[in-house]
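Take this structure, written in structure tokens, and hold onto it; I'll ask about it next.
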Amino acid sequence: MSAGAEAMRRGASANDSDSEVGLWLFLASEVMFFGLLFYGYAITRITHPLAFAEASAHTDVLLGTINCVLIFTSSLTVALAARCLRTGARRASLRLLAATWTLGFLFLAVKCYEYDVDVANHLVPWGRFAFHGGLAAGERMFFFMYFVMTGAHAVHLIVGLGILAAMVVGVARGRYTEHNSEAVELAALYWALVDTVWIFLYPVLYLVHRP
Amino acid sequence: MTSTLRLIGVWLAVMALLGLSLGTAYLPMGRYNSIVCVTLAFIQALLVWTFFMRLRWSGLLVRLIAMVGLLWLLLLLGLSLTDYLTRHTIAS
Amino acid sequence: MNTAVAEGPATPAEGNYLTNGYSLWSWLTTTDHKRIAILYGLTITVFFFMGGAAATLMRIELISPTPLIMSAETYNKLFTAHGVIMVWFFLIPSIPATLGNFLLPMMVGAKDVALPRVNLLSWYVFVLGGCFVVATLIAGGIDTGWTLYTPYSTRFSHTTVVCGVAGVFVTGFSSIMTGLNFIVTVHRLRAPGLTWFRLPLFVWAIYATSIILVLATPVLAMTLVLLAMQRVFGIGIFDATLGGDPLLFQHMFWFYSHPAVYIMVLPAMGVASEVITCFARKPVFGYRTMAYAIAAIAAFGFMVWGHHMFVAGQSLYASLVFSFLSYVVAIPSAIKVFNWTATLYKGSITFEAPMLYALGFVGLFLVGGLTGLYLASLGMDADLSRTYFVVAHFHYIMVGGSVMAYFAGIHFWWPKITGRLYSEAWARLAAIVIFVGFNLTFFPQFILGIDGMPRRYFEYAPHFQFLNILSSAGASILAAGYVLPFVYLTWSALHGAAAADNPWGAKGLEWQTRSPPPVENFDAPPRIPVRPYDYDPEAAERERR
Amino acid sequence: MSQATQAILAWPAAATPYADRVDVLFWAMTGICGLVTIGITLTIAYFCFRYRRGTQVDRKLPDLAAGRKRSRRIETVWIAVPFAFFLVFFGWGAKLYYAYDDPPRDALQIFVTAKQWMWKVEHSNGRREIDELHVPIGRPVKLVMTSQDVIHDFYVPAFREKRDVLPGRYTVLWFDPTVRGVFALRCDEYCGTSHSQMTGKVYVMSQDAYGRWLAGGDEQPTLARMGFDRFRELGCSGCHGPSSTLHAPSLAGLYGRSVPLADGSFVRFDDRYIRDKILQPARQIPAGYANDMPSFQGQVSEQDILELTAYLRSLADTSPDVPQGNHLR
């Protein structure tokens, strides 16, 4: 932003830069984006409660939980990374960013493995499908939503990994410093949103019916 | 580094809630299972947004923007439910 | 760029945004909001004439109740192309992305939008989306109607639905970027002293529109993803034979597409407010109420989507709720019409072309709004929905409303944008031709609808022919009316006389700078008025004498 | 000229009492909206004329505070008055819609199956017709409609009502014809290439003529009779038949009753429920029964479901002990 525009700026708290406000608006639109999927899920589940419960029991709760741990931890490390960079601890920030990237990558690896298991168990609703009983239609739709929702999440995660990699390089080369930490802060916000989506995906996909 | 410790504390809380949510999922509570799980997820998300995403330190504008997406979703779901929850009540 | 250098260093008092580089490259890499506005303007003009050509062919076909110049397949593809192009590639970007882009930063006293590079990116994304649509047309077009209802679009259409849907999906991101940019700009870049209630209503309108763009567009994007998945994989949550619900698609689609109507009409209301006050030389009547009305329309506009589904199999209770809310959203629209009328009272009115367009807008919007009351009424809607009555109604809002206002705005700010004057006589003539042609085209369609002619009919019962011919005749006048501005404005851009900085004596911040504006909009910080629209009709009369 | 008047007066005759009520609302709205349109247009024209630049008229604006106060008062009026009118329109329209949505119990039931691009109509005695619908005058008729492919819409302008015809679901349209004649039927939801040719005729005839018409035509087994055959062919009778040893409910006498469900709620044993049970049996399990019915999704056509439903409806007044099928001809 040019100095002139800087001078014209007024109003909102000085903490939030233009880009930060812009990013939050983007996050709001992301909330609507994923929200629509949750909405489709909710309406379909209301009409097929038993099928959703039955199908959800076939998801791999262990892998899902491992992924929760991975991604929840990664949003801690990314928040810490942004904090460290702000306070000038560049080296710590770099390590934390790398750790975040690794955790994200592991999440993706686990997810890929889980997809592989799902395919082996014929849980993919197109093609040969594992369920044939009276609930098959609803179960098919559950797994359809399961793949669409986790798939959309994975796409966001992959984008996030790209952004984080750019941040790692930027911090390592000294492009982002305590005086110029905004990009890293925005990346951290985006990553935390990807984490938030998983927070909601986990109970609605893995924990519908476990007793 | 109290704020670092605070972030780690928040992380511990989120993990604890994860454990809780996984644990309660195995209790036979009928339809309350889902209500509990989703409520816990909301608390986790609130923690993440408040501390990791620094909403606690943000201005009013950013907080408003953060809330508006959720509000609009409630609008979408709420008004749709007027259809889905009453569609078959009139005898056909 | 080189040309500019060859002319010697332009001093700030001489150069403007148009002389800041003449090469194509300097335009394609610009982050200047004014140049991006012009890029958008040119692009949507192309789409406008594409959509218009489709409409013209349809109107020719409908002269006869039996096939005349095309097959039913072609006709279905034409009305789909017309809808998709006009809605997503003309009306939605029309006022926000051209006039909004050009004027919003100037109206808030800023040098540019908050995120200039995102602004440029949004245009490229828009063009990319347009490419998909053009590719779809080349591949033969799609025949689903712009509403893309399942299961027709997922299982029964034999056309390239996925490609067309991809175009709309991609364009959505351009809308989101534009909206996001405007919101940040209004919040962060207002000049010191320019408080919310000193902003022009145009800024209020664009701001409200932007909120809708940011919150509704992602819903459409994801809905289209689900639609495409279902089409490609053959399963999904909209397929009734697989236990899904086709009405769920309609809920999702209209949750975006009804607010989209307000994306089209709110900016039009903003333009009308600017133009009417300027040529009545009187402050807008009830400024605050007008601003609140804009906000109310944007908010309530999200709660009425179900009125598209009264006969679609939605439950009685949902219909009751949506019908009631539809009447609620009509209140702020009614207020706006009354306030525009009251603004004229005790004014010092002149009738330059922008004013003629703006008055045309008020009249046509009034008819469009009032016929909306019929469709919001449950009992009436069970008769009239999906007939030509609906077609006429939404054309009165979108074409009579949005397009008239877009033209009003283009004419009003043309001297500012290009620094040149257009032919006033031709412009007034065009305004009158468009108004007459429009009414002749669409008023008969109300009667057709009441008589029971369904929309999207390629062939129709013979007794509908008279009104269809009338409508087609009107359409030919309307088409001529749309070609006129294209011609004289092009001529003006190339050969028009130089315009003064403020030819209308208007009060907005954008009129305080030069025409065309310098690269950073203002040579000196603009003077912030104590209240917006500080016009005085008595003083205007004295000046004249 | 004659063609012009004819075109403008092509307003279809109102053939039901409901249609007359819609017309009253229409004219009321048109009257009020017309007055508003004329009023505002004239006001704008008058202001534009009187206050055009150069006329010698009073243009003095009130000072800011007074002006604001006055404009607020005026605005309150033009918020309140339209809102009152809107409430009336809403209530009036809602009342009509309630009637449109609520068919009388004693209505004559006729089945409509829509497909690209035709209307297939089936009367309760098995008589079928295509793109035509014969109904008796003076008796409410209830159409139970479903689609085999895309969404269609059954629209009779003379009845002033329409309803979408959906795949995978029944929707209902009812009317009470009081005028004898032939009325246009049109599909009013875009359904593909020949959408505009998916039209037909509704014949409203005297009760006697209808009775003769119904009895005429080729001798065809009734829907219920065919449903009984279907009931055996598909193996339904294996579990639901009286001699079955499996723990499945007998379906005799159930139609129209309310059935207790395993989750404690109740559901009406009607067309929709029968359809759901055939296609998605695991939903809404009746109290006291296991979830062991297989789904017939993909094995039954809409026609089969119609026939099965007709059969079960014919059992409405039988007791569970009567040998099934005997009450049919």
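In order of appearance the chains are A, B, C and D, and numbering begins at 1 in each one.
Here, a residue touches a chain if its C-beta (ideal position, glycine included) is under 8 Å from a C-beta of that chain, and two chains touch if they have at least 3 such contacts.
The model shown is predicted, which means the values in this text are computed figures rather than measured ones.
Colleague: So which chain is farthest from chain B, going by the mean of the CA atoms in each chain?
Modeller: In terms of C-alpha centroids, the chain at the greatest distance from chain B is D.
Colleague: Does A-C or A-D have more contacting C-beta pairs?
Modeller: If we tally the C-beta pairs in contact for A-C and A-D, the bigger total goes to A-C.
Colleague: Cα centroid separation between chain C and chain D, in whole Å?
Modeller: From the centre of chain C to the centre of chain D is 35 Å.
Colleague: Measuring centre to centre with CA averages, how many angstrom lie between chain A and chain D?
Modeller: Computed value for the inter-centroid distance: 45 Å.
Colleague: Centroid of chain A to centroid of chain B, CA atoms only: how many Å?
Modeller: Measuring from centre to centre gives 15 Å for this pair.
Colleague: In chain C, which residues are in touch with two or more of the other chains?
Modeller: 187, 215, 219, 243, 247, 251, 316
Colleague: Got the chain A residues that touch at least 2 other chains?
Modeller: Within chain A, residues 11-12, 21, 25, 28-30, 32, 35-36, 39, 43, 47-48, 51, 137-138 contact more than one other chain.
Colleague: Which chain D residues reach two or more other chains?
Modeller: In chain D, 101, 279-280, 297 touch at least two other chains.
Colleague: Per the contact definition, I'd like the list of chain B residues that touch chain C in the complex.
Modeller: 61, 68-69, 72, 75-76, 79-80, 82-84, 86-90
Colleague: Sort out for me which residues of chain C touch chain D in the complex.
Modeller: Result: residues 72-73, 76, 143, 145, 147, 149, 151-152, 155-157, 240-241, 243, 246-247, 280-283, 285-286, 289, 310-313, 316, 319-320, 323-324, 327-328, 330-331, 334-335, 337-339, 341-342, 344-351, 359, 362-363, 366-367, 370-371, 373-374, 376-383, 385-387, 447, 450-452, 454-461, 463-467, 531, 536-538, 540-541, 544 of chain C touch chain D.
Colleague: Enumerate the contact residues on chain C facing chain B in the complex.
Modeller: 187, 211, 215, 219, 247, 251, 255, 302-303, 305-306, 309, 314-318, 321-322
Colleague: Can you check the complex and tell me which residues of chain A touch chain D?
Modeller: Residue list for chain A touching chain D: 48, 50-51, 133-138.
Colleague: What residues on chain C touch chain A, complex-wise?
Modeller: Touch residues, chain C against chain A: 109-112, 114-115, 118, 176, 179-181, 183-184, 187-192, 214-219, 221-223, 225-226, 229, 233-237, 242-245, 248, 251-252, 520.
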